[in-house]
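You will see chain A twice below: alongside chain B first, and alongside chain C after that.
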Partner chain A sequence: MNSKADRIILILFLLVSAGLFFVPGFVESEYVLRLITMVIFWVGIAGCWNIMSGYTGYIDFGPVVYFGIGSYVNAIAMTKYSLAFFPSLFLSGVLSAVVALIIGIPTLRLKGAYFAIATFAFAEAMKQITLEFDRTFKVSFFQGSDGITLPISGYDNAFFFYCILPVTFLVMLTHYFIEHSKFGYGLKAIKEAEIGAEISGVNTTAIKLRAYITSAFFLGLFGAIEAYWITYITPSEVFNVQKTVQMVIMTLLGGMGTFLGPIVGATFLTLLSESLGTRFVEYYLIMIGAIIIVAILIMPSGIIGTLKIRKRLRFI
Partner chain B sequence: MDAVLVQAIINGLLLGGVYAAYSAGFSLIFGVMGVVNLAHGELIMLGAFTSYWLFQFFNLDPYFSAPFAMVFLFSFGYLVQRFILNRVMGLPHIMSYILTFGLHLMVANIAIKIWTHDFRSITTSYSGANAAILGLNIPYARLITFVVALFVTWGLWFFLMKTETGRAIRATAQDKEVARLMGVDIRNIYAITFGLGAAITGLSGAVISPFVIISPEMGLEYTIIAFCVVVLGGMGYIPGALVGGLTLGVAQSLAATYLNAGVSVAITFIILFMMLVIRPTGILGKGNIA
Partner chain C sequence: MTGLKCDKISMKFGALSAVQMVSFSLNPGEILGMIGPNGAGKTTLFNCIIGILKPTSGKIYLNDADVTGMKPHKICRMGMAKTSQIMQPFMTMTVFENVLVGALHGAQLKMGQARRETEKVMELVQLTEHADKLSNSIPVPARRRLELARALASGANILLLDENMAGLNPHEIDEALKILKKIRDSGKSLIVVEHIMRAVMGISDRIIALNYGAKIAEGFPEEVVNNEAVIKAYLGEKLSSLKVA
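And now, the complex of A and B:
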């Protein structure tokens, strides 16, 4: 439905994105710039999870694997094959998508908890393989727990801001496309009633796979950018299950399967962890636990989802 | 057969027994309520700490503190299900996963706050003692735990098959609407089931405490192992926990003996992934598919 509210949200979204483009020119403090970059980064990552799991209801507990693959492809391409950053970035996204295709075909047949655990297992398996590969086969490729040091970029935070902003923009644009296309209706139909969707002629496997691959492609890009930004990666860091957890919680808090959900959830949680995480380090995780429990008990559809239901609003 | 191989298999079986003991509760909770309990490892942690403190203050043997751990965790599990989890039972399953994850964060981090990050262990008179039979080493503590594991799995199975409450639990798992029509108080059965699952998990935490490292952060690792064991054995099928536990234990022990410990973890996850893709009903084919 192309309602008036949707168009207003799209215009606002485009305006904010355009406005953000000028932020590095105005913000003098490196800290603030970095914080804004982190918010945009997490909006994008949570958005990737939302594209697949938010819309279809298939809970992916291993999205971090594509982030990690992106990081490693970029690191290896740049250090071992001395590729320049941008071709290497593109390669990271493409290879993540290829792995998603290979893994998606068998796993997307699984349902519910089985899909969740399988994706989790795959992510952990990849982490262990990158950790142990070199030692087991006596080679020097992934460099195991020693990690890989990427070439120092010499770029400032503004450069990475301009790398991350377009990717997040594309992720959110994909959301808008999902909300207003047959593809999106297909995804939502899978969430509501998969068998019904199949009977109505929706090729459920194909569109689940499309969503899964799209999400993996963008995650690969984010992984590659972050690797180049922090210049040093280890398997335990890039494949860290905490990243998955963040994506899930941010999206859930904002509202799964909504356009604004990842934006609201990621912004809220990133700023919260920045303000509370530094001041109350010891209590931070207890509070996050409590917030999750309370949020699910009082508004299981997330902030945006609950607004939509309570106010009977129809917007993305 | 050479002694190294036999020793590796024996170690694997003993390890597998431990795995089985703490995975049966996970399987029960999933089978009845469809909840993937991400706070499962915390139940083990609480069980282990119960036995740790009883040992510290009253010098009570860890195996005798098991009943206390059971009672404590039954109450904990019952209350959690009654007042928190029951509220999301009608919602999509993701809600229960995330809720138990929130619980994991809270319990683990409150435990860190109270008991600090320290690694602790219980040193009993028989810690580290082995029975040497035909040149093979069998640690006493692990052997006792293995026997307890068999007993626990059997006991749970017996309870589910032979008692009235057990029947109500099985009926609820099969069809909760019909069970309700037959006069079963579903919400209470859910709470009892979670309490029961938590109780046997806490018991396992107590009986593994003589030979594991006890710390507030130990939980997550155990939750992950429980995943693997339960998938191998068939989710929701209680005796499957034993089959899954022993299989995983032997596989890990062989990989650790002939390759290295890191590879054995990789193999765990590869087995888990392949199993789900190829045979999601578990080795025996008796698990339930959502």
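And now, the complex of A and C:
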């Protein structure tokens, strides 16, 4: 639906993205720059989950696995094969996508809770593999729980800001494309009635796989960038299920299967936990939990989703 | 030969034979009625033909190509589509977008072309007034027509309609029949499963009757409704008073 509202939102989105490009030049405080980077980072990651689960309704409970694979590919390629950062970054995305293809073919046949369990199990399995591989085979590859230290980049926060911004931009552009394309109508049809979609000519398996791989590719990029940024990774950190939970909650809070959902949800939650976290160090997690519960009770379809339903608006 | 040919289709669920050795063919431009009591296997047979179920044995030929066990989306793209008894609109999409999915994915059209095709189909089934409404906010007769529109937009030449008139009042049935005839006149062939005898009799060129998964009669409408087996299994009494439209 190429409505007027959609075009206004796209123009706003492009303007904001262009404006963000100049932020490191204006922001003096490293803290503020880092905070803005974190917001953009989470918008992108939540967006990755939204591409797959938000639009198809297949609840992926292991997206963090592709984030972790990206981190590890980057770390190993840079330390063991002395690859430069950008080729290594690209390789991370591609390998994540390849793994997604291999894993997606069997798991995307599963539905509902079974799909969630399978993806969750795969993420946990990858964590265990990276933890135990070296000890089992007496090699030094993943370096188990010792983790891998990446080469110190020497780059400042602005560099990573400029790494993350384009990836998030591409993730959101993919959303816009989904909203207005054959691919997107296929995804939404699957969410509403999969058999109905199939008998209307939608190649459901192929389309789900495409969404899954796209999501994994971008997650791999994010994982690689973060690994290089914090320079030290361990399996329990990069495969942490909490990242998955955060992606899910941010998207749910913003609105699943909407363009604005991940943007609103991730921005809201990142800023909220930052502002509460600095003021109420001991209680802020309880407070955030309560706020999330209230928000979901009042707005079961998320902020954007509920707005669309209540106001009977048609926008992305 | 163009059209649809089913050769000795059987579908077993464990010990239960839902469909037993059913053979029939559908000629181009023909409307084939399918009748039978509840549980006779009509919907199961449809699901086998359209690829949702893989028949235990038997072959299905679409325009002479063997499509047995093919995935539904492939069968759809080869020119056969189904409307479901239990309506499955894409709820959060508008009526227009629902039909657009068929045009984009079934007929594999580009966006601009697909939109034009969608408009044409919606005109044909009289849905234009509902175009921008959400598909769960329109009345039942319109939803039935929406299913029909989605199937038509997918470019199918053969339409399987599974109780597409269920829940309609007599006036609405007349309207629906007019639309079906228009569709047939545009060169499509249809298989119509229906319990409303007035509708089936009024529209079918031929009728086949199923009972307990097996075909018990086939022929012109008057022959089938006067067939002893059909009367015993399904109709209960002779439809002598029935007015054939």
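Note that the second predicted complex is superposed on the first by the 316 of 316 C-alpha atoms of A that agree within 3 Å, B and C clash if a C-alpha of one lies under 4 Å from a C-alpha of the other, contacts with A are read in each partner's own complex, and residues count from 1 in each chain.
Just so it is clear, a residue touches a chain if its C-beta (ideal position, glycine included) is under 8 Å from a C-beta of that chain, and two chains touch if they have at least 3 such contacts.
The structure displayed is predicted, hence computed values, not measured ones.
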**OP:** Could you figure out whether chain B or chain C reaches more residues of chain A?
**Re:** B
Original post:
Touching A:110 in the superposition: chain B (first), chain C (second), both, neither?
Top reply: first
**OP:** Return first, second, both or neither, reflecting whether A:193 touches chain B, chain C, both chains, or no partner chain.
**Re:** second
**OP:** Tell me which partner A:249 touches in the superposition: chain B (first), chain C (second), both or neither.
**Re:** first
**OP:** For A:122, decide between first (touching chain B), second (touching chain C), both and neither.
**Re:** first
Original post:
Where does A:181 make contact in the superposed view: on chain B (first), on chain C (second), on both, or on neither?
Top reply: second
Original post:
Who does A:59 touch here: chain B (first), chain C (second), both, or neither?
Top reply: first
Subject >> Where chain A meets both chain C and chain B, residue numbers >> reply: none
Original post:
In their complex, what parts of chain A are in touch with chain B?
Top reply: 57, 59, 106-107, 109-114, 116-118, 120-122, 124-125, 128-129, 131-132, 135-136, 245, 248-249, 252, 256, 282-283, 285-286, 288-293, 296-297, 300
Original post:
Within the complex, which stretch of chain B touches chain A?
Top reply: 30, 34, 36, 84, 87-88, 91-95, 97-99, 101-110, 113, 224, 227-228, 231, 235, 259-260, 262-263, 265-266, 269-270, 272-273, 276-277, 280, 289-290
Original post:
Considering the complex alone, what residue numbers of chain C touch chain A?
Top reply: 50-52, 71-73, 76-77, 81-82, 84, 88-94, 97, 100-102, 104-108, 111, 114, 150-151, 154
Original post:
Mind pulling up the chain A residues that touch chain C in the complex?
Top reply: 1, 181-182, 185-186, 188-189, 192-193, 195-204, 314
